[in-house]
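Just below is one structure, and these are the notes that go with it.
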């Protein structure tokens, strides 16, 4: 009972055409549906209708982050519990790819969140993209960076500890590892409901100017695929912010790149899974944190802890697609 | 509530020294503890005391397969439920690596099973094997095939459907995909409690001469690591039964090798995870099954559906270590 | 002085459209020029105008295999030396991609050969394919299997030893390794002029029905790329004959696939280079030959030593493009 | 006629024990011979007796760099030609691994060089290291970073252009690519006699304080192996200076690490080969040079163009081992 897994993210983008080009041609996602101002995307082995929505908007921001619940009745249950906790919730009618959903903001951080149950499974029937394998929702073409699946979202927040605690207490997301500074200030926390090392993470915003989206991430099959992807991205003219490197915290071999509307996108591979039901969050203190941040020793770009894209302003909440 | 994840397997081996050599020097597991007649092993990022036990025995067989439960009270709960279902259970006092456990046989298949809750976490302090990273229970040395973690067990059984159904109904293990023959006979079923594509699997024993262990499996970081591992195994004189190949069912890129006491061992990488709480088992019928079995087209060795190692005979049950 | 390196091959194909689709969309070669009945192809980092020519023809066959010489004057030199040895040579006017060339047949084997000196370097200026890097003749897109460069050609011949000796004596191609059968019969020989382990190879035709093209080969960057490529080829509906496997002889990790007009194509990676100027050919005798053929142990398909595509009949020689 | 290929390098090390530990346990080279103050090392598929010599010395420096010639008579020929050009040459009696050699210093740069012809091939007969494959001079164990073969040497010099020109004119080493600064100053040149993209390279010493060894390099089989190696090196406590990154110039995916006596060591993979006999050196100008230096965008460490280890002082020349 509760949340099952992270489902998708909506990125509002100021240049839909350029962002669409990045995500389809360079990153290698596939369009499952498209309207005048929205593109629904998925990685080749994402099972659901979409894991990313691009929405044309005057300014780039995070539209929302959506989690699937474990059973239909969980939606009503969350409505009650969140209401009791003073969180304002809103029902949104189901449309493309999933059924009715519950929308709300996380307190303090103000992250636009969505919970849903019904979902449309994807099976590509387009000529040239249909697969002979029941285990392939579509053919594997290897186009672009070619991630296998959607993985996680990461936020720059002013108060990491508060953010982590609310997601653990209100939504039941497990705390897997964290970094503390010399004054015991929480610098980062990584969390998941599934066995993944993290589906959502919070890192301290060095500028302390409010909460921002840090990045959305897709998962690759191997270090080799990541390195091949780096060359594809560069030769196509995009800018890699950082990587390839390895976060010692998760073992994630990573690459961060900016898409044309300004959002940071991560592709990564490797890392560990969490199976223990009584998992103790791993603590990284000032001595070990540098290895946790990048174990091979490459310097952190200044932008990494200072740049993010805004969360959709609250007054725009009613317009969430 | 219920089972959390697959924890470890015990292989009884007729040549402990040769098997130890295979698992440590060629496969690249590490010894966490050792007695006169037992060796406790783990992959470099297995978090618990061990994931494999080798026990010296007159004949090679599967000693037992152990699952960790989600909470301490689950053990008593399973004792009651299994007892009501007529399964004979036995308490075994905790010893190396974990606390008191519940032992029993799966009905019909007779697989020796163990459930436990308390577990000893591992942290290598040996000179040359300790790591500076809190996320590494020990240093990563890359020695041998160097799997990251224990993954699954697989059985050859006379009745796949019956086996799958009992594990789903009595133990709550989710059914993820299956293969049916031309007469609708169930040829294989793959199952898990976690997000892994399978922690346990059943395949039809072509000889129909009783249930056997097919293999135990460890997980590798990439196809490249697997191919490197194939060369290490061959140059060290071991025999690869099959692979590298890809099971289209899971996307697993696999390699099967025989260890010196006769047990089949798989190392694999890739594949998908299952996140959907309402996952529908994927059906592979006679038309698609060949792609499911090996999608690149390499022929299945005759031994694959006919050879396994015995389950520990029941009368020996009391002696389980 | 003499031959510099293998340059390109011409495959005559009975289904130009299907073959073009295979080589561009699945294998990931790029078209540098195209006419009504010919397609000129190259891998992304092939520096010359083309390394493969597809020519529409009533029957599939090998058109010719071309080698670049080390200097302009080598062409006249080879004309004299081959003439003295009784080999009929013919000058062909330069056209697409290279200058005037010398055409002839290898004695006994009758392989259609070409020597040339002048060559057109390639630089892609097409929108979306031009690269910012002077070291990239075109952008790296990762499309399809995406080999880096053309590598070698391989023939099934009735007399391996005779074929090898002529190429060594008349053309100066170094003999790098060979396999002998129980009766000392030569079963295969691999040769090169460059540091590659082989640019040309001869294997014994089990059917002894004349010399055939066995395959043309392109080189991949890593085992991971090869495994990714296997899945692309299968999901696109092509048939892999053999692989992934490793030839112990060269260390080549290989994959053989049939293109739609019936030619066998290899993609491979790994292996060793030959630097010693006094290299002694490595001998593989009946005891070690199985490891040399496939060191991991996968069985050789029956077709491997029995199927090839014909050499262009001699009377058609005048029509070579 | 002339030089065949780069053969080996001698590193004089102030801490032989620590350097030996690095090269054998972490890098994964193998000892083929050992004396009180020297260790002879090779990668698993290096065919010759050694490709690296470690010599105990009061200060770390480059002992010498050795090239094999194409035929026995080339040694006398070089003796004459170098003598005519005013280069002082010295004959050294053959000892471990190769025959008599010619020693001299490159003018201006003063690099201690050696030419030799006779060489001892290596075949490991030690228990546990012998291979069943004639193509494996020893068993492949995958130990440590596990490079396949020795690759190249690189120098920091005050005058790149002069250095390159002498090696091309006096020794016949082909110039493959170079970088020029905004004032047309030559910043780097990469050269080879074989098909490798470089066997020797010169980069401008930012401190202009004389010529130094920049690094010696070994070749890896794939990007995945390099990334695995990075984690091995870090977990063993060594410091990576730079990488993984990609030099756009050669396509080399690289990693630089310092061994305990202070020498920089590179391991790398990928990149292109040079086959054209009329290869035009690729020019990288100020606009493209950043991509040439590191195409993914990671910043160059300050030490990279400023730190090297000394060349063995000339007066010590007579003592070269």
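Couple of notes before you dig in:
Chains: A, B, C and D, in written order; residue numbering restarts at 1 for each.
One rule holds in what follows: a contact is a pair of C-beta atoms (placed from the backbone, for glycine too) under 8 Å apart; a residue touches a chain by one contact, two chains touch by 3 or more.
Because the structure is a prediction, the values reported are computed rather than measured.
Common partners of chain C and chain D, by the touch rule above, are A, B. Minimum number of contact steps separating chain B from chain C: 1.
Inter-chain spacing, taken between the CA centroids of chain A and chain B, is 32 Å.
Centre-to-centre, using mean CA coordinates, chain B is 46 Å away from chain D. Shown for chain A are the residues in touch with two or more other chains, namely 132-133, 221-224, 228, 231, 291, 295. Residues 131-133, 136, 139-146, 221-222, 224-225, 228-229, 231-232, 235-237 of chain A are the ones touching chain C in the complex.
Those residues of chain B whose C-beta lies close enough to touch chain A in the complex are 4-5, 45, 47, 68-71, 119, 132-135, 148-149, 177, 194-196, 221-224, 248-251, 269-270, 272-273, 275-277, 282-284, 288, 291-292, 295.
Chain D meets chain A in the complex at residues 222-224, 227-228, 230-231, 234, 239-244, 246, 253, 291, 295-299.
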